[in-house]
Structures are given as C-alpha cells and as structure tokens.
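Before I ask anything, let me first share the structure, which is written out below as structure tokens.
Per-chain residue numbering starts at 1, and chain names A, B and C are given in the order in which the chains are listed.
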Amino acid sequence: MFKGRDIISIRDFSRKEIDYLLRVAKKVEETPEDRLKVLQGKIMGSLFFEPSTRTRLSFEVAMKKLGGEVVGFSEPALTSIKKGETLADTIRVVENYVDVIVLRHPLEGSARMAADYASIPIINAGSGAEEHPTQAFLDLYTIYKEKGRIDGLNIGILGDLRYGRTVHSLTYALSLYNDITLYLISPEQLKMRREVLENIRDKLKFKEMLNVEKALPELDVLYVTRIQKERFPDLSEYERVKGTYRITLSTLKKAKKDLILMHPLPRVDEVDVEVDKTSHAVYFKQVKYGLITRMALLGLVLGVF
Amino acid sequence: MFKGRDIISIRDFSRKEIDYLLRVAKKVEETPEDRLKVLQGKIMGSLFFEPSTRTRLSFEVAMKKLGGEVVGFSEPALTSIKKGETLADTIRVVENYVDVIVLRHPLEGSARMAADYASIPIINAGSGAEEHPTQAFLDLYTIYKEKGRIDGLNIGILGDLRYGRTVHSLTYALSLYNDITLYLISPEQLKMRREVLENIRDKLKFKEMLNVEKALPELDVLYVTRIQKERFPDLSEYERVKGTYRITLSTLKKAKKDLILMHPLPRVDEVDVEVDKTSHAVYFKQVKYGLITRMALLGLVLGVF
Amino acid sequence: MFKGRDIISIRDFSRKEIDYLLRVAKKVEETPEDRLKVLQGKIMGSLFFEPSTRTRLSFEVAMKKLGGEVVGFSEPALTSIKKGETLADTIRVVENYVDVIVLRHPLEGSARMAADYASIPIINAGSGAEEHPTQAFLDLYTIYKEKGRIDGLNIGILGDLRYGRTVHSLTYALSLYNDITLYLISPEQLKMRREVLENIRDKLKFKEMLNVEKALPELDVLYVTRIQKERFPDLSEYERVKGTYRITLSTLKKAKKDLILMHPLPRVDEVDVEVDKTSHAVYFKQVKYGLITRMALLGLVLGVF
C-alpha cells in the first residue's frame, strides 16, 4: 500500500491508507526493539534546501532507530545549487546514492517535481507554504493516541489559518473522518482560505470565530499555531489582537478536563509555559509521536513493514 | 599496492595500478552484498574546506555502504580555521580521530602538504584548480564499463580545457593508455594549457579544434564541461561562442550510434535536457560509477580489498 | 556513580569520582576492541550553538567508536532558534529523539539550565567563558598517563589566565589533588581571577609570576594557552609582552628532561612548531586522550561502563 510510494501531499491518501499508517505506527511504538535493524544497509538522503532542525532531526533519528544511515545537507548554502544546478539534476544525482529522499524546499510544487524525476521514493518534509504531509500524519497519530479515536471529536484550530501549511494539511486530513466539528479561530486577516473551505464544506461541519472563549467548553482538541507579526500590515492591529490568541492557565479554566492542547512547535509565546505542566499539554509528546510516525513511514515506503 | 597510500594526484599512479583499481571497482559493483561490513569500526574524516555536495555525498555514501562511519564538516565557516589554526595542525588533530581523511581544499598543494603531516591516508577530493584524482578514476571506470576498454578510443573533450581540473586529471590518465586519439575542443581563450600538452605529447595523439562538428563522427566518447562566463574578459565574445559548445539532439545527429556522452556535473545548460533520454547520455550513470570507484578506493587504502 | 548524571561543571565532582573516570578511561584505552558495540542503538544529540569543530568531532567519534549514532547541528544558523524558540523548548524537543545531549552554547549557565529541563543526561561541551569540564577531564587524564600521577607535581599554567575557561576548570580540578604547586604565569592584565584564587587558596600552593624563565627548571608540566590580542586595550602593550609567552626550543633549554608541554589547541604561534618534534610536546597526544576520556564519559553516563 505504501511500498515505493512518494509522500507528497496529505490529499493523495485515503482514510483507509492513513488508518493503516496509524496502526503500523502504533505497532512500532509498542515494540521498538523489534525494529532496530530492519533498515540496515539502507541510506536516507536528507536534503534540506531551507533549515528546519526539528523536522530534519526527527527524520534522521527515525532512520537511525531502524538501523539505517543518513547523508545530506541542512541548508542551501552548502549545496551545488549555487553553481546553477536544477533541482531535477540534483535529485537524479542523489538517487544514485540513497534509497529514499527526504526533501525540504522553499518552493511550492518542488516535492511533486522531484518525485516525477526520481525512481526512488520522495518524502515531502515541507514544500513552500503548501504542504507538510508528515506533520499531518503525526498530528492525527497524536489525536488517535491521546483521545483513542478521531471520529466524532470537536477540534479547534487557532491562530494563523491563512498561511500555516500545517493547518491546511491537518484540515484536509480531518475531512476524511466522520462527524467532526471544526472550530476555526483566527483574526479576521488570517481566516482559513476560501479554497480550503470549499474543499471541506461537504465533508465536515465547521464554524469560524474570532476568539476561543465561546468554543472552549465544547472542544476535545485545541490545536494552537503561531501568529506572526509580519502578517499584519498595521502593527497596532497586531498588538490589539495578539493577547486573544495566547493560551494561559486562565484561558483553560473553562476547558473540558480531558481537552488536549497541541502545537506544531516551535512556539514563541502563544502558549504560556505555565500550561506545560498541565495534563492538557501534549505538544512535547507530539514530538515523540512524530518520530514514531516517521519511523512507520520510512519502514513502509522502503517495504519492510 | 594501495594499502596505506595517499591519493593525491592521478600522476602518482601507473597504468598497472589504475587497471587494478578498475578491476576491484568492477568486483565491488558485481557483489555489493559482500561488502556491507568490511569497514565496520572504521571512521572517515570528511574535511570540506569548500562546499562540494556531490563529491562529499559520494565519499560519505561509499564509506557507509562498506559499513564505516563518517565525521567532518562541509564548509569552512564551521571550522576552527577561523581561530587561525594551520592546515597542518588540523590534520594532526583529526588523524587522532579517524582512519582516513578525505580532503577538499581551495589551495593547490594543500592535499600533498596534508599527506606529508598525516600518518593515515589522505584522499584528495579536489585541491585548487590543480587535481581531482578520484574524478579521473571514475571517468576511466565509466569509459571502461560503457565501452569495454579504454585503449584505442577516440575521445573528445569539450569546453573549458584551460581551467578545468577535471579535464587535466583525465588527460594525464588517458595518456597512460594505448592508441588513444584525443580531440581537444574549446574556444581559443580556453585551450588546453601548454604544460599539459608538453607532458602528453609523446604519449598520445591529440588534435585541437574550435568546434565539435568535424570531430563528432569519429568520436567514441565525448566529455563535456561547462564554460563559465567569468572566464571571458569580453562578455560579447562569450555570447558569441557559447552556442557552439552546447550539445543538443541536433548536434548528436552526426554521432556514432554508440557514442557516450560524459559530464562531471553539475551542468547548467551545456547539455540540453532532451539529450538525457538518449542512449548516448551516461552522465547520471557516471555518478553511480563514482560511488563504486570510491568504495573500491576506500577499501583499498584501508587494506580490506 | 555516573549513570544518568549531567556533566555540567568540574566543581560538581569529587576526587574519588574523577579518579574513577580516569581508571575507566585507562581501561577503554587498553581494550578498545571490547567497546565496539556497547552503545549500539543509542543516539547522541550534538547541539553546537557555536562552532567548535575539534570538540564536536571528538564527541562524535567517541560515540561512534562505542557503536552509537549521532544527530545534531554544528552552528546556530542551522537551528530553529531563529524562529524564537527558547533553549528550554529545544532541549525538551530533542530529548524525545536521543539518549544523551552534548551541548555547546555561548551563554554562561546554559548547560545547567538545559540539565534542569532535560530528563536525559546533558554533557556541557563549553558554556560561555565559564566551564568546559570535559577539557579538564582530558587534561587530568593526559597528566595521569604521561607522568604516572597527578599528586605532587609542579604545574605551570601560562598565558591568558583571566578569560580562559579551560584554565579555570583545570585549576579547580587540580585543587582536588595533594601536594601540587601551581605556577601561574601571565601578563599583569591577564592574571588569574581573584575568585578562583580565593577558592583554591587552602587547597594547593600557588605562585603568580610574569614570565616563565624562573619557574621552568622546577616544572613537571607546562600548560600553555593562547593570548588574544583583543584582550589588550593598548596594542603596543600586547606587542611588548607577546614574545615572553611564546615557547621555543630556546625557552625549553632550562626545562627538566621529562617536562611535558600541554596545550588545549588550536594554537596560533604560542608554541613554535619546532617544539613539536621534542619529547616535551604532548599536545597532539592530548587530542587522543580527549577522545578516550569522552568515550569513558559517554559509556558511564549511559550506564554501560
């Protein structure tokens, strides 16, 4: 189902396929010692045309925990791109060295294009503002593990819904599940894009709102993202709204006892550190789940799971 | 024959030695599974004082495919050179950590100097404009594999023959073989250096020419290199000649059916992408052959082949 | 004694603990082949928020020689710090990936703070101008191996005693041993800090002096450090003194035959290269001892030694 497959966009996957991935991840998590050498002799190319330490380390550790090896680079300055080589040529060179390529690239469409040229699997680790499919997989795995299910939940997504690729991938993924209500909470300027809403309109219920208070008592999951100052043409407007999108102990008073609070990280101050100690906070667990999801994915595309 | 030896210049090797290397490479290529752990416990130092992603990845993968490990750096900004340390001291530090050093350095003579100080083998991965011996080995291996022999071939080298270190190393290497005719095709400003011609004059036939058309029907191998704009004091002169040194489907119409087209990569536009699909194009295969040649070399200098 | 422990400051260790570490290091050095796989399946996070090639390679090789794996970064430009993440959050992310973290950070107190947040061992690979505990361990191991003991020696420390973290850590460490006389040799502006002297006053004898000549015949060990031009407000003052702190063959004429000359490296010109060939010079051996000490330390904190 996954062997030899490119992982470019969450939209390439059916619910059945995603559920299968989640089950494999669960097995990997439960029996890590069985996995130590399954990818021995395999090499992953880790091609980061823009820096992303967290994602890069997650993939590299995933590969190594399965017994595989890693080569690559962590920022564009280190590549021969400077000499004018096309991405297509770079891919056709590197595919001679490795068994799978993990690609992070600033341009939309880059991962799809790489996959067109490569004869080995390409895993998209973020391409432009567009897609970050493995983040969506790990977000789903986090919900599945922490809530026991994905169907039927009330899920809030808060922050920058307009520019956040994480948020778009997650929204598409959730639209594959049943009976979900999505609470889309953002400032006016950062509302979810029309085309995403059109796409999910028939698949799940959603409500757009400007602040989190009213929705909070209903939520099973609250997914927080950062709001970047630079998105606001008028800085005073930013200063006016930013407090509203900051989660503190006081914000959480009205939350369900078993609400889980997620965040793709890095955070700046949109979740107060005091919240870290509450049972709501699962964002550091999310990191661990990310590692497991990527182990599952690497094992699957390389045909050992 | 190779154990413990430094690999600094192609000119340090006899035909007998090179042929031995090519035979070992062929064995490595034919039985990769036998090689998986021969360098287990060995560590390669990958010291790139200027970035060269392709060469670095090739060596690192070669080491890992033999079961060895790699440490190092990929550009000078990351080194303590900034603190004023000499290359000699850096080498004497790193030789305490590793079993073999792969060195890329912008200065001519640097690799030879490093070898003088080190008690472990140094492999030159490019020093200044001077030498790039492993590129020459892989070029020979490509010809040997694709044509079945090196002796007796008509070989064209096209592009910048004046500044290209790849081209100088290859020319010296070919002068060790019998009955080769070399077609040296370049603009007037970028003709092969006098001292190289003096050196090979008694060893092989060569013809210098300004364009490829006339020679093409004779060639068994055409080795294309990039012509850099910066080499021309007068840009209009560059604009005038550049088309002449670009290989397209139309250029190849007069070629032998089994002509092979080589390129050290990266290419910019000196070989049209349409050519990639023809059976002439072996430049991406060259990448694979480079990996194999470097596996053979690492195994040889570390004494396991 | 060391399992699961953070290695933050040399001052956290008793003489008994340090001696134990030195004995383990000796065993590692004598039976390297026994150690090849003890850390198989373990991963070290190598987080260098400022570049330090020597220290980074030393730790990475140490880990690999024990069969472990490494992930990380080698300079801050490559991290998500740029996105405003706190060190605490970075540590809480990375501890999900790895078994031990080696941290180099420009700020004093950073390693201690990281240890407060992490549930896995943190090894300080240099924090600010403050501490570099593994350098002190390797310096002690060098003395122990080369002189057979540490107690009872006359030890000179020459150069920048005011700003050198290496020198501070070593001084504290030596104060745990018996019957040592310390000769603190530096220009007036770079004398050892008052607070360090207060701390060691009751534990060992020390003499402060402006030049090395008078002390030299007494010394068993001379530890040389670099004097940086930038430390002198008045450059002419620097030019006047610098010759005094340079060790040459001629300086060493009055030395004991078995004096050992140490240096944390990199050196610029404070030890003349002619000295390298004498039996006094042990600074490149120090590099090897550093590797062994770090192997011992990694094995100890990860509980396999």
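The rule is simple: a contact is a pair of C-beta atoms (placed from the backbone, for glycine too) under 8 Å apart; a residue touches a chain by one contact, two chains touch by 3 or more.
This structure is a prediction, so every number in the text was calculated from the model and none was measured.
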item: Superposition rotation for chain A onto chain B, Cα-based, multiple of 5°; value: 120
item: Same or different residue numbers at the chain A/chain C copy interface, by half rule; value: different
item: Separation of mean Cα positions, chain C and chain A [Å, integer]; value: 41
item: Multi-partner residues of chain C (each touching 2 or more other chains); value: none
item: Residues on chain C engaged by chain B in the complex (per definition of touch); value: 36, 51-54, 57-58, 60-61, 64-65, 70, 74-75, 265-268, 273, 284, 287-288, 291
item: In the complex, chain A residues that touch chain B; value: 41, 43, 45, 69, 71-73, 77-80, 82-85, 88-90, 92-94, 96-98
